[in-house]
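As written, the chains take the letters A, B, C and D, and residue 1 is the first residue of each chain.
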Amino acid sequence: MISGATVAQHNSRESCWIIVHGKVYDVTEFLDDHPGGSKIILKYAGKDATEEYDPIHPPDAITTNLPKEKHLGPVDPSSLQKTVKVVTSVEKVRKEKLNRRPLIDEILSLHDFEAIAKEVMPLPAWAYYSSAADDEITNRENHVAYHRVWFRPRVLRDVNKVDFSTSLLGTKTSMPIYITATALGKLGHPEGEKNLTRAAGKFGVIQMIPTLASCSFDEIVDAAIDSQTQWMQLYVNKNRDLTKKFVQHAESRGIKGLFITVDAPQLGRREKDMRMKFEDSGAKVQNENGEQVDRNQGAARAISSFIDPGLCWADLKWFKSITKMPIILKGVQTWEDAVMAYDHGVAGVVLSNHGGRQLDFARSGIEVLVEVVAKMKEHVPGMTFPNEKFQLFVDGGVRRATDVLKAVALGANGVGIGRPFLYAYSAYGQEGVEKALQILHDEFEMNMRLLGAQTLKDVVPAMVDARGLSSHVVSVPGDRLYESNYESMVGARIREEQAGKVAAKL
Amino acid sequence: MISGATVAQHNSRESCWIIVHGKVYDVTEFLDDHPGGSKIILKYAGKDATEEYDPIHPPDAITTNLPKEKHLGPVDPSSLQKTVKVVTSVEKVRKEKLNRRPLIDEILSLHDFEAIAKEVMPLPAWAYYSSAADDEITNRENHVAYHRVWFRPRVLRDVNKVDFSTSLLGTKTSMPIYITATALGKLGHPEGEKNLTRAAGKFGVIQMIPTLASCSFDEIVDAAIDSQTQWMQLYVNKNRDLTKKFVQHAESRGIKGLFITVDAPQLGRREKDMRMKFEDSGAKVQNENGEQVDRNQGAARAISSFIDPGLCWADLKWFKSITKMPIILKGVQTWEDAVMAYDHGVAGVVLSNHGGRQLDFARSGIEVLVEVVAKMKEHVPGMTFPNEKFQLFVDGGVRRATDVLKAVALGANGVGIGRPFLYAYSAYGQEGVEKALQILHDEFEMNMRLLGAQTLKDVVPAMVDARGLSSHVVSVPGDRLYESNYESMVGARIREEQAGKVAAKL
Amino acid sequence: MISGATVAQHNSRESCWIIVHGKVYDVTEFLDDHPGGSKIILKYAGKDATEEYDPIHPPDAITTNLPKEKHLGPVDPSSLQKTVKVVTSVEKVRKEKLNRRPLIDEILSLHDFEAIAKEVMPLPAWAYYSSAADDEITNRENHVAYHRVWFRPRVLRDVNKVDFSTSLLGTKTSMPIYITATALGKLGHPEGEKNLTRAAGKFGVIQMIPTLASCSFDEIVDAAIDSQTQWMQLYVNKNRDLTKKFVQHAESRGIKGLFITVDAPQLGRREKDMRMKFEDSGAKVQNENGEQVDRNQGAARAISSFIDPGLCWADLKWFKSITKMPIILKGVQTWEDAVMAYDHGVAGVVLSNHGGRQLDFARSGIEVLVEVVAKMKEHVPGMTFPNEKFQLFVDGGVRRATDVLKAVALGANGVGIGRPFLYAYSAYGQEGVEKALQILHDEFEMNMRLLGAQTLKDVVPAMVDARGLSSHVVSVPGDRLYESNYESMVGARIREEQAGKVAAKL
Amino acid sequence: MISGATVAQHNSRESCWIIVHGKVYDVTEFLDDHPGGSKIILKYAGKDATEEYDPIHPPDAITTNLPKEKHLGPVDPSSLQKTVKVVTSVEKVRKEKLNRRPLIDEILSLHDFEAIAKEVMPLPAWAYYSSAADDEITNRENHVAYHRVWFRPRVLRDVNKVDFSTSLLGTKTSMPIYITATALGKLGHPEGEKNLTRAAGKFGVIQMIPTLASCSFDEIVDAAIDSQTQWMQLYVNKNRDLTKKFVQHAESRGIKGLFITVDAPQLGRREKDMRMKFEDSGAKVQNENGEQVDRNQGAARAISSFIDPGLCWADLKWFKSITKMPIILKGVQTWEDAVMAYDHGVAGVVLSNHGGRQLDFARSGIEVLVEVVAKMKEHVPGMTFPNEKFQLFVDGGVRRATDVLKAVALGANGVGIGRPFLYAYSAYGQEGVEKALQILHDEFEMNMRLLGAQTLKDVVPAMVDARGLSSHVVSVPGDRLYESNYESMVGARIREEQAGKVAAKL
């Protein structure tokens, strides 16, 4: 056992030890390789870094990345100085708000989780989850694009019993949705991605495990129940050996689908996340002292330097050689690439722009879906959608079961939902995710009935009018002088209480 | 006569008696069948429930639904404890506002009633009347869709006398409108639906009586004058015998049209209405005590559990067998179903999305009208619209006579108006409905003249430009950084009073 | 000479005398015929009504409408009680604001006049001038429709000298505009329409004299200089003899064009104007006393009851028989009526919706222009526009010379401008109108240069892109829950002053 | 050496001497020729005018424009009265804000510079830089037009290395952009245009030197490093000899391209700039004294009176005769003029509307680009874009590298950026411009990767969807009465702190 005092002496760039989860590590030589920069580590040189470490890294990140000989062994807990943790006033307000959350029964839609989460989450967590590329236009477009698709519901069909279960990549799911992969789950809640696993298990829906999870891959798999299906999202490492090990381990743990992310050769600029760094007054002080400031580009960049921007079509052959899992390309955004994917023999594509977090002005998945279905039908005469052999998934911007049903009508097999579940557990933990799934379930049941659809097979293209979907309207800027002159109509109003009488009494 | 003290002993789930309109009922065995849940009844176990009962149920609801042997007889009024009714401060403010309503002469348009009603109605009533499905987008679209139809008025036609009367299902009406069916009329005013009946009688317009009226069906019929025409809106009961009894009774009372609602196999989620329940602090207390809270889904759900989601085309034959009234399908939303309705030999359809209260992103009736007219003309070569044999009605979003005239130009026989009349009587009682009808009458007269139309036959398709009607534009989300940087133009301004002089004196 | 005391005795419905401009009139029998209702007259029974009378009537209205024997002769001024005029606090504020108007040199565009006029005009005047039909949508559409027309300017053309004069109905004008007819000019300024006459004379532009002017027709003609051209706008009286007298008198005074209004068989509902009446607390008091309240429908209705709603195409022949002035139909709104007008041999049409004051959802003149030009070319092969023989005018919504140039490019001979000139003189008198004309002149000069046009002949259809002009877009209503959750991007900001330091000192 | 006292005697219109940069000039005869009017000079009659002179004029303006004999020689500095400069409170606030600028590392996008510059620039500078024509609609359209172009990014391409350098008019540039010409650079920062020169040199991008620079032409050229390329923007003088001298001097100094401005025969009305003049209370005082006020039309008009509105196509031959520099027409706005330019043999055109500062409702460069490329391909079969021989440039509204890449995809060789760099140095001097270029560089790198483009040759038309680009949508004006009645959806909310408890304590 190493004493706290000994650790404390290694508090410099020359010799830098840190404590994580009660173990001591010598990270001196690792400092310059740390994706998040050396400065953040040096802040904890000679100290316990667990609290800062936890939400950003899986538990095994340090043991995996650091050579065995740098694992110096357990620290003597009794020798550690008790640090009195100062609770900031911001944090106090946040905790106090947690107590004033509405009852979960008052949550009526997925929107409600976001409204509450925004108030009760730590600000950096909210900034990381909600942020998107540049002006966040694609992020918002993802949602509003669904508003360009309108229903053509049928009446007088027997909808006593409606069934909206389906199967995705061969697995049964209770609804045509899945929980898509999102990074750094513990930022919002200490149980992180496991909240999603457990709720998904209860509701019979599939969870896609992210490469950049806060929980370790095995923790997440272990949290699943026997009958439960999980998929894996993969950022391909420049070091293909690590990728191979990761993929084959996943297959051995029973993962049923490999979703290779293809829209992120480099992680996008997310200014909300980046700006959060500068709120920290520390950065400013350092600069005034003349030291170089980290070009801190937010959490996203810090954790993603291993991703290979050289990944290309030719690599698909290798992936097929190392796994039998169905391979799906996540992040396809044109019919041309969907056709190429089909010709390369993958099991499907996710039409996605990464939740608007990568390229601003990328089109929404639902818009791309219409184009892909039309062109695939030209490419493969006789092909129909949704298709079993070449599955189309869509994600981004979904908040209502109606959004999902629009995608299904237009040919999608299933729809991924991400942020809403993060907000659900950031506000209410696992119970929040369960409530979210329950809300969707209720919405599906009602909307199937209102559409006149007994099963998803009845949700056909003629049930929607999507003619305006690819219309990217930006209005002519307003005439501000005219507008400031125009006086709005004012309707009838309740009379003012008689000020006269009051005045008379004074 | 039963004494109040006796009733008071039956105040539990084991034995639950309540008093309604001076009669005692044993509802113990009915508790679990109550559409609104047992909890709300138990709150009045052993007590007088009349005040809570009244706006939600027709007077005969309890006698109809409870077996004769549970009707225990009259309570002894003198034995009842006088409950001192506490007027809440919210209620006081509301009543005080009622006194400050503008004179009815100051009401210039249907919008004005809504502005006043919102202020002077009990909040739950307003929530129930105004609420709609999900994000209420269809609700608002119903109104704004009319703004995509523009007039092409003709000039230099003799419009000294204009006549906008017409006949609907064989009955003369003074204007091409009718008062459509809406539920729970007493929420807004103690006279409920009878306000509508009496005003309709005076103005020679038709009223459609709702299944879910607060007044009993017979009360509403009795309130009519001799020459007056009424229609009936029907939610079809799972128990067809009850439906048959209801329909045949209506026919026997002289009802002239049977409007079967086909867009509501399940009543929609109306979050404004649902959220209202949680404003009641009682709900929270119960939860803190660990008891289960009702999944209270608002007034709409509570009262509608009897509706049959299995209703289908095949049932139409049966309806024709039990009544000679013309049958109209209310809630058709595609040309396909309009054609099926025609082929099934019904007398017409109402192109309606239930005031936006059922499926969000259903299209507006006025938009569906254009599609139906075009396709019906293909289906039945030579058919013209408006058509006597197969009548097209539209409802939803109407606020001006111009809205109605647009629908007429596009082929509608008549247009249903609902909420505006509810707001009219919630603000001013029967007088409000009369004023609303007077306003519409004046608007019709003027706008017929301005259109250059002597009769409704002159209101032809060429009088409108509806080319943009089916365009569902959602703009690209704005660039918030750019917008926050852009400084609006500022025009010339009145100079500030000379602050300098004032400052000098200080 | 009649004494004030004598007049004062005739202060009832039974015998009602009033004084106007120092003369006494017996209006007892006229009370029920007064277009504005009897109540407003009875308010002045036995008193001097001049101040109320003046802005609403031409000086000769009373002498023209009242039989000679009711003209009782001059009042003895010395016998009149000096009424101490109470200046209301609202009026005080308004007058004080007049003192703080910006220098006229600070007025940079026509918008600026409106901004100032709104502040310094009496409120009823502003309400009357600015009001429009129903929701004022056509009123605003008139302006924004111009924003759907974009320029295609040409470069490298010698624009040292540019000439934007033209001729309208055979008269030279310094710019392709005219001052169109608007009613009740004295509401905004005591000199009323004469402000327009004098400024038009100085700038060589044509003024159209309104039937409902506050100044008498002859006053306005007398205010013109020799070389000046004036047109006349005509509301056709049910009594054609009066119309004939009026038209022939106009011709004899040198009027060069007769513009017959065809879009106003009944004057529109203008709620801003109507609501103004109820702001007057008097109305409420009367009602509380149980007396009947006038259905006061605003200034517009009061003054227009003489207009003939029976006017029709057949009447045109008669008009041609009584005058040699060119006849133009003002208020044509479809190509069908433009073609009929052409076939009836009139000299032109004004494509106008009466400034949005008549039928809401009538299309803008600029939109109708495109349709008329296209269809007239089909109707008369080889016809070109602008055309000398059949002139097209447009009015409504114009605020910039660019608006006018767009209309010219699309085929208009000239463009009418109304409200901006009213605002100009309401804020600055005649000088304001001159400044407005100067601003337009400067804008024409600059914009001709920037368009690459030496004369108006160079302002051709290819200089504009008007493809979107007839697109009546109404966006899908927004998703308010999503919007309230979305947090806008926030850019870099100036740091707060160091609150810490300040706090430390406290 | 002339004494200050002597100068001070020449303080009138009859004899007016001023001091600039320590030299005395007799400007008496020049007073009426001064483009900015005589009044502003007379304000400094007999005094030192350097501070007012500097940001508006190049240093050599006075020596160039005034005959040698009026250069009276140096003033004796010791004889000058030390004027105590009064720092206004506005200026104090501004300077104080400068101290509170965020660190330059906190600047994340070009938008951020504008946000900061707006706060820390002198107001007249901001007004001059940001102002645009009329209602500034084209100014804003320039930016938002880019929002109508959406990406179609490709995936699984090796984007390890991306190269976005190109060559413009034969010169290599590190990015497909250049710094375009803008006037009066010293208004925002004392080093003026030299800030741009130096940063451009470091980043290998081309700077276009404006005719109306605050620094002299030679100062700007001298500030460049050896390898650096500069272009020249030319306003053609009515006096062609001056133009010839200027052009040939530029060529002799190594300028590589001559951009002749063709969209400004007269400089536009820029109301923000014009209004700024009236903020100066001096103007009002003069007027009250009855003196004539300058029709001050802002900085733009004052400095541009020499520009020849007679410039035309025929002049191009002469330009080719006096220089061998490639000639480009700046301000072409239609395909017709692009074709004419091509036929006249120039090297390219800038599709530009002068940053929205000239003709309001001129279309954006990016919109015109699509039209020009299509029509040029018809005009010259086989021609491809971007083209080496006939280069297309676009400017206006650019804020992101994605904007530039959209233009490149649609056929532009390069894109000009102006205001953002002015804001960059107005906020942070040269370092700001460097940071701006660094941000663009980072954005290019990332977005090339996200588009799946290794070089600019991969940025092809199929990578964008620009179908909606020429759609000039202006929505139907809203129904204000409906909107004011509609109550927005309100989601779940954090409960209020228990007011009850607090109240209980009171």
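Points to keep in mind about this one:
Keep this in mind: contacts are C-beta pairs under 8 Å (C-beta built on N, C-alpha and C of every residue); 3 or more make two chains touch, one makes a residue touch a chain.
Everything numeric here is computed off the predicted structure, so don't read it as measured data.
In terms of the stated touch criterion, the partners common to subunit A and subunit C are B, D, listed by label.
Because subunit C and subunit D carry the same sequence, their contact can be compared by residue number, and under half of the numbers here are used by both. Between A-B and the choices B-D, A-C or A-D, the pair with more than half the same contact pairs by residue number is A-D. Two chain pairs, B-D and B-C, are weighed by contacting C-beta pairs, with B-C ahead. A rotation of 90° superposes the C-alpha trace of subunit A on that of subunit D, rounded to the nearest 5. The centroid of the Cα atoms in subunit B and the matching centroid in subunit C are 41 Å apart.
The mean-CA centres of subunit B and subunit D are about 58 angstrom from one another, to the nearest whole unit. In subunit A, the residues touching two or more other chains are 102, 106, 108-109, 111-112, 115, 135-137, 140, 144, 147-148, 271, 275, 471-476, 479-482, 484-485, 489-491. Listed in rising order, the residues of subunit C touching subunit A in the complex are 109, 111-112, 114-115, 118, 130, 135-136, 140, 143-144, 147-148, 271-272, 275, 399, 473, 476, 479, 481-482, 484-487, 489-490.
Residues of subunit B that touch subunit C in their complex: 102-103, 105-106, 108-109, 135-137, 140-141, 144-145, 147-160, 400, 402, 406, 442-443, 445-447, 449-451, 462, 465, 467-468, 471-475, 480-481, 484-485, 491-497. Interface residues of subunit A facing subunit D in the complex, by the touch rule stated above, are 97, 100-102, 106-109, 111-112, 115-116, 119-120, 134-135, 137, 262-263, 265-266, 268-269, 271, 274-275, 278, 283-284, 287, 293, 295, 308-313, 315-316, 329, 331-334, 336-337, 340, 358-363, 470-477, 479-482, 488-491.
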